[in-house]
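Chain naming follows the written order as A, B and C, and within any one chain the residues start at number 1.
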Amino acid sequence: MKAPRNTWYAAGWPSDFTAAPTQRTILEEPLVFFRTSVGKLVALHNICTHRFAPLHMGKVIGDTLECPYHGLRYNTSGVCVFNPDLDGQVSPRSRVNSYPVVEKGGVCWIWMGDPAEADEAKIVDFPFLHSPDTYRPLKGYLHVRANYHLLIDNLVDVAHGLILHAGTLSTPGLAKGHHEVGRDGDGIWVKRSADECVPSPVFDMLWRRVRGDYTGLLDHWTEARWDAPTLISQVTGSQVHGEPHETGLQTRNCHLVTPATEHSSHYFWAICRNFLLDDDRLDDDMRVGIDYAFIEQDEKMLEAVHRNLNGRDFWDMKPALLKGDSGTVLIRRAIDRLVAAENQSSAEPAKRIDTSQVPS
Amino acid sequence: MKAPRNTWYAAGWPSDFTAAPTQRTILEEPLVFFRTSVGKLVALHNICTHRFAPLHMGKVIGDTLECPYHGLRYNTSGVCVFNPDLDGQVSPRSRVNSYPVVEKGGVCWIWMGDPAEADEAKIVDFPFLHSPDTYRPLKGYLHVRANYHLLIDNLVDVAHGLILHAGTLSTPGLAKGHHEVGRDGDGIWVKRSADECVPSPVFDMLWRRVRGDYTGLLDHWTEARWDAPTLISQVTGSQVHGEPHETGLQTRNCHLVTPATEHSSHYFWAICRNFLLDDDRLDDDMRVGIDYAFIEQDEKMLEAVHRNLNGRDFWDMKPALLKGDSGTVLIRRAIDRLVAAENQSSAEPAKRIDTSQVPS
Amino acid sequence: MKAPRNTWYAAGWPSDFTAAPTQRTILEEPLVFFRTSVGKLVALHNICTHRFAPLHMGKVIGDTLECPYHGLRYNTSGVCVFNPDLDGQVSPRSRVNSYPVVEKGGVCWIWMGDPAEADEAKIVDFPFLHSPDTYRPLKGYLHVRANYHLLIDNLVDVAHGLILHAGTLSTPGLAKGHHEVGRDGDGIWVKRSADECVPSPVFDMLWRRVRGDYTGLLDHWTEARWDAPTLISQVTGSQVHGEPHETGLQTRNCHLVTPATEHSSHYFWAICRNFLLDDDRLDDDMRVGIDYAFIEQDEKMLEAVHRNLNGRDFWDMKPALLKGDSGTVLIRRAIDRLVAAENQSSAEPAKRIDTSQVPS
């Protein structure tokens, strides 16, 4: 599929992975994740090299994963180290791919490309994810049957809020607000702001809960920043007219998209608020609204759009381009350049799925 | 798909379409239908040219249809006339296809071919559909997962009634009755009749309800007429032996088939009786029998046959041809000629789905 | 699909087929089975040559099968002998394929290849299936969504029992037992045995039920024999240490695999015990355990493996070969040779699905 490989993708939230094996497909590759006895996260190719059983149906034994069919055991490097049958021989070449995984900054990251290039220092940090004194995160996960580009478009796009999220996240005044797009290093950002306008129903609810009654008009702003390959850091805030951002309510959010296949994506989201840090019930209330917006509105729309594309290339469809699309267009082109650069650097990309064996 | 384009197809019954947008795929094209504030029926291509959202999920606002994703509004000609975001600019080329639709004679018709050739005068009329003083129509709709040719074959064919509809619509005596096939202008008709034979259970029920007890033997006749592209007008009657047709009971029926895709069809039917015009309960009783025959018998059979064809061409399958097939063979060949003629007249058919845009 | 054709496959157990038509796809061909008035089993191609209706939806009338759509009747040779409509004419060439079927040794067999070569003497016999004085069979059937090779692999393989069937059929001691593979005529056999080891939970239950308390250690042995094309005869036994096999408990089993499509298989199994021949309740108890092992363990695994292969060739996947695989590798290669030999002997294989007709 068309997506960068030599880069860190979110594999999941730390709580997604336990000692029990978990399957997850990333960049069309079937993977199995498990934690060793000391909690270290491991990612292996999910197909046994012997008779092609799915390893996630097996058991973790010590620091190895046992194949559920014939009991071959693979260590954390993907090397088969045990065969319970007859002479117990395995081929030294009998191994499944192992993928670099790192747990950092509140996210489990995976590197699907050339392991030699997997540099942890390049992992993007989202400070609000791991600053419990200032931000309280609310996290979730969706498996969306749409190409990852459509999710990125949606997450950076302000305009659709007005229509698709009318009644939930929509702040109508932002439609006619100040719009700015720019670059910051390799990142691309999109900003919108509007003064003295009606907040979204969700922010209205939050404001009343935190600050009590008010005029019903606030200054609003939202900023989204894309980092390669598919990471969105986003902040939404509102405050009393003319006051600095810091005095208002903010949610700092990250939206981590990971291509599963050409036709489906993993979507990890975290909404992190800078207020009512100890209010457990607010988590539940917010989750109801977020689930409605993300599942009933965004997910349904993105899957419908994906079906409408029906395998055709987005650009070949000649989309009408509007002013509000300037950010998403920049980002699509940046991703396309990353893919093209990888294809150029290796006419024949390194084959990662290696099931070759010396016959025993 | 292989079907005539420059012709009027039934898009639906007038009651199928309201102010709320309705989707329907015709000739593989996704369409959205809605009525304007004055009730005028509009058909547009159902995919927004901006980010390819399905327009039928949107709202009708005045005489425009609002895209559910970003709120672009399309007028009845398919031109985008409003963008709620930022500068509000849209490209003058930002438009979706609009299709000629006409409400006439109790049917909503659509023209999928070259709009310049859409001549309302060519629409086939079914007088019994709109003659409430003489005929009372009972209408229905089925979405059948079978190629439209199979539906036409079935609707013109008398022979299958004896077997497939044994116990409902079957008049066994017709098997050995008088059989005739002919042409009338561009139409093709098939007639069967048989004297003094046992009526179908349905006609027996009707006769007793309308005329009381009788000998159990009647003269029977049925005529089906095909008009291009896929319209069947059919009459079934029975009367006391030797009496003229006019003295008996008749249902005049129309069966309007519209290709949805190569593998599915819209089927609009109306059974119009010339008796008990004010009997509401009879509608319910008839519907039970019709639903059983059409859904449990015909639809199941046609979908099974379609699966058996499995994408292969009907003629390549070398069907055994029987005397009773003479009508359906003529009709299949007439439709094939219409398709061939269209393909000849335009080596490259006009591309209807136009999503090209000038970037704003 | 890649499977031998000139050979006898199991079509089903005798009780699978009654006077009512039954459909079953074998080697990608849709078939209909029915019994005539004298109980003779007939297999015909399941698609009517007239309008391609599925014959299994029809009725058996005398010794003919009536098409459910137009009532054409086919005799046991597949010749259309009756048309109820109009002149009643059928073409002498109007016929569907008829396949040699033989009921022999407790199994219904079908020959999908050249009928001239269908020699009943070549049918493999499983004496324990029809020796009620010595063996009591318990039979079953599964439709498995996996290629037939995967089923054969599984049925001959001893090693997976240890892991996949831990808690049911597993006799762990066999893992380190004596292993032998050999040929006997055209057959291939695999043997395993181990002395004084803990029996499987199932054999432990059986031993206690038949012989009462014991030390918990027994001698164990299992032998599987493959015969072309896809027939496995298998025996599992255990006895007191040092005693001859005949003194112990045995189940003699046959596993008859018939390719349905490239992606699905019919699996007919019979477990035949040489003890408690009159114990009806034991049948029920054994079926619970067998169903769990075959459905919850083997079937789930094989379908998962088939999905993992995802249409790729098994050998192209370069499976790691272990010592325990020696039997299954011999068998795969023997089947491959049968297929290759058939392909060589007829560059263009006889077309079996003949729907050609002289128009009447």
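Going forward, contacts are C-beta pairs under 8 Å (C-beta built on N, C-alpha and C of every residue); 3 or more make two chains touch, one makes a residue touch a chain.
Here the structure is a predicted model, which means the values were calculated and not measured.
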Chain hops separating chain C from chain A, counting only touching neighbours: 1
Same or different residue numbers at the chain A/chain B copy interface, by half rule: different
Centre-of-Cα separation between chain B and chain A, whole angstrom: 47
Two or more partner chains touched - positions in chain B: none
List of chain B residues in touch with chain C within their complex: 153, 157, 159-160, 162-164, 175-176, 179, 301, 304-305, 308-309, 317-325
Residues of chain A that touch chain C when the two form their complex: 30, 47, 49-54, 57, 66-71, 80, 83-87, 89-91, 93-94, 355-357, 359-360
